[in-house]
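Please go over the structures that come below.
Each of the next two complexes has chain A plus one more chain, namely chain B in the first and chain C in the second.
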Partner chain A sequence: MSRRSSIGRFTAQLFALLAIFVAWEWSVWLFEISHDKLPPLSVVLSTMWFDRAPLAAAVGTTLLEAVLGLMAGTATGVVSGIAFSRSRLLERMFLPYFVASQAIPIIAFGAIIIMWFGNGIASKVIIALYLSFFPVAVNTLRGIRSVGEGEIGLLRSFGASPTAILFKLQLPAALPSIMTAVRLGASLALVGAIVGEWFGASQGLGVVLLMAMFDYRIPQLWAGILLTGLTGVSLYAAIVFLHKRIAWWQVEA
Partner chain B sequence: MSARPLPRSLPEGAPNGIGRVGRLLLLYWPPILAAVLLIAVWELAVWWFQLPNFVLPTPREIILVSLEDPRTLLQDTATTVGEAVSGYIAGSLFGLLLAILFVTWPSVERCLLPFYVTINSVPMIAYGPLAIIWFGVGPASKVVLIFLAVSYTVLINAVAGLRSCDPVAIDLLRSFGASNRTILVKLRMPASLPWIFSGLRVAVVHAMILAVVLEMLGANSGLGWSIYKATQMMSFVEAWVAVGASVVVSLIIYTIVTRIGKRVAWW
Partner chain C sequence: MTPKICVKNLSKHFTAGVSTVQTLDNVNLRVNDGEFVTLVGPSGCGKSTLFNIIVGLLPPDEGLLLIDGEQQPHDHLLGQVAFMPQRDMLLPWRTVLDNAILAAEIDGVARATARQRAMDSLDRFGLGGFESHYPSQLSGGMRQRVALMRTFMFDREIMLLDEPFGALDALTRALMQRWLLEVWEGEKRTVLFITHDIDEAIYLGDRVLVMSARPGHIKLDKEVALARPRAPDIITRPEFVELKRELLATIEDESLKAFAAMNRSVSDKEAGGR
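Then we have the complex of A and B:
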């Protein structure tokens, strides 16, 4: 049932995408919209093909920044989630700030990161890192806390060490909730990488978008938008695939 | 992933008659301790390593500089908040309206929702440069994108909420002869309120992020614009001031929305 409905949704989505593309192409011709405002899709696609080498490099750079940042953010997030679960004091001291970080535009701190770490890839990786770090830390703790006292007591009665309990029971139980945060972190990391590139970079999707805006090259701008969407969807799909592989017992769309 | 404050309660056997401040201290001493420690380490590190203030200004300096020119700071804050709030309110109303349409006529949902999802599967900030070309560097470009993002978040949450109520309850009302409209107003809408407010809370952050980030691309005034100018001049203190202001403002709006949510959906 859920599989069928998800296939149905996928088909509807694909259909909508095609319909948007067709409507886009035809309405530009039909209403004679100035190509400076909205170039037809065919023009955008041919621009993409013509610029394929630099565009592919741009996607590669941004994806690298986002993925490196996401991986580092996930690792540090899980470690601090574990630390919180071990120390009530640490949790009470810092968790409120972690939770509050989700109510503020922490991406704005990216400006300061860029000034500290310069225009290279490192500064974007760090932005993507801290954006994905907070949700992962909060959800790791939530997942570890979801394990019942009874289960922990049972393992302990068999003589399991705290480390064994952590790796055999608590972390596996926390995986679904960690993966949910990683999914959120993936889109945050991509946005962080692009915004970081706006402040100064030599290559990347953010640079493509920014340069196209400055030079008023609308087809390139649309190429950048479409590629950003494609990158985001692919990254998200990869994480969902991992999620299903790693936490296969959690049935979720 | 909603940022809900953790449930806190006074420790058992807390002494009575310690006053409001004492009570707050007793409740919140760990986060306050963390803040004090952080600021102390920050100030000490700057002093110890003789960090020049263009690398890391001390919290004191940041506050002092922000008080130096309160007019500009207030103006920038007003611009950003104005964009965020107007896009937020319009977007929430539109999202709610669309959600009611979707739930009342599912065929409308089947036609429209995939398009909405497609447009929103591109990170909203990627439309930023295009919005600036189409709608200019003024507030309009920011408001349009905030409207799009907020309406989507609210729509998805509201549809889930409106669908969340117990089918048995619907059947019960229907057996009393309630019309579809009555069911919508008396049952579905109240039942969906907690969902809608959790969407509204997340949308606050989206609105603030978009306002600040899009101003960095181009604007006449605003906190994001001020951050951008500060980075170009490598003026760390000014960047910190503007970032700090955006954080404070965002927390205030978030708290207001959370408070309203607790009032309205108190259960």
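Then we have the complex of A and C:
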């Protein structure tokens, strides 16, 4: 990707976003849409500006929960992926339960997590971890398994121990697919943090959304939605940046 | 003199489902200390399998492997032989320099020391100025040189090279052969070199071994009585041509057998399919 064309693409995307914003603003006036259904963007933005301090705090809290959860989820995923790659027995014993765990919606037991870990940050981190570890575990295993017999044989011929093979060959080779999973995990971790806040919290974007909904403060609700989107996109962009830095030789789409 | 490498009555078969393939059958060979021996044979004759057994990656079914006259249990030689497989297998996330030191690093040489040593020999491998490049930025010939450098940096008396120039174009290949001889003449390590190119086998080797079609065994063991250092135009000399004629006859014989066996197995499959 040349520098020029990526700048061109960025400009085009910015332009499209502006067009959507303008269409939003005008259509509310033009079609006389009730502000309870869709307030004009200008009203949402002024609400956002007016509430900037608490909203910034909410974004900060949720982002912290999501990032800590994602880090814990990535660590859990990588460690279990390595464990599965070392032992078929472990894989047979636990992987099916990992898969099953993903079939249970977090909504079903979110309340339990809050009861166990309190309504502070810990419970949200755990929910974000729960949602994000699985893709990382699977892709770590897949990445390690994708290393060819030939490459492993070459390192063995140099006298490499299984640990040396893991750290010098298998884990670096798995890094691109691990980073792909972390991208996916980033979105999931944010969902986890917000859902966790719905079950019980005093601060965060989830709280902002829930309160606005209960009090029927529609502009606040839209402000919350926009900020959640912005937080999600920023988190994703940060992970993509990281991916290109640490696993640059193979960036999967 | 005790040979550096001695292989005695080595056999190996593989089982795939119900069928059994005898890959090596009673292979006997010896390579003396400091000798450059080349091994030619039709494709699929088990040359690479033989290498994998000598390196210690595969156990033989039968037979002995002696290094300096001492019998070696199957995986005893892991870490003892500098092995270069057919594909370069460079790691895409490592620079030229760090790929070159991989074997040494695994061997326990400190990274800084290994890097310094590699920097000093970059020029000799024609890689001067390319130390910070990544494999994806290199041509096939350069990648192969990095792989060779990695093999040379793994400081072992025995080197096993499996068709290192097989994927290169004719011109690059000729240059690499000359260059390999120069490097080798400076070090005089014991080399066993697989190729399917007869010119290459004669040009490089002190001795040429011809392997039979599968199941593979050593069919012919021929001294190359050409003085070193060898000039590139040696391949037009009558002694060279005479030797080539003799080797060609044997190899062609074996290639035909391999070809016939291949056709037979294809028609077997077709018959079985009906």
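We adopt the following convention: the second predicted complex is superposed on the first by the 228 of 253 C-alpha atoms of A that agree within 3 Å, B and C clash if a C-alpha of one lies under 4 Å from a C-alpha of the other, contacts with A are read in each partner's own complex, and residues count from 1 in each chain.
Methods note: a residue touches a chain if its C-beta (ideal position, glycine included) is under 8 Å from a C-beta of that chain, and two chains touch if they have at least 3 such contacts.
Quick caveat, the model's predicted, so the values are computed rather than measured.
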| item | value |
| --- | --- |
| Clash-or-fit label for the pair chain B, chain C on chain A | fit |
| Partner chain in contact with A:117 - chain B first, chain C second, else both or neither | neither |
| A:24 touches, of chain B and chain C: first, second, both or neither? | neither |
| Which superposed partner A:222 touches (first chain B, second chain C, both, neither) | first |
| Vertex chain A; arms to chain B and chain C (CA centroids, nearest 10 degrees) | 90 |
| First (chain B), second (chain C), both or neither touched by A:198 | first |
| Residue contacts on chain A - larger count, chain B or chain C | B |
| CA minimum distance (chain B, chain C), superposed complexes, angstrom | 9 |
| Set intersection of chain A contacts, chain C complex versus chain B complex | none |
| Contact footprint of chain A on chain B as seen in their complex | 1-6, 30-31, 33-34, 55, 110, 113-115, 117-119, 121-123, 125-130, 132-134, 201, 204-205, 208-209, 212-213, 216-218, 223-224, 227-228, 230-231, 234, 236, 239-240, 242-243, 246-247, 250-251, 254 |
| Chain C contact footprint on chain A (complex, rising order) | 150-151, 153-160, 164, 168-169, 172-173, 175, 247, 249-250 |
| Touching residues on chain C, where the partner in the complex is chain A | 52, 55-57, 78-81, 83, 85, 87, 89, 91-93, 102-103, 105-107, 134, 136, 154 |
| Touching residues on chain A, where the partner in the complex is chain B | 12-13, 15-17, 19-20, 37, 89, 92-97, 99-109, 111-112, 114-116, 135, 138-139, 180-181, 184, 187, 190-191, 194-195, 198-200, 205, 209-210, 212-213, 216, 218, 221-222, 224-226, 228-229, 232-233 |
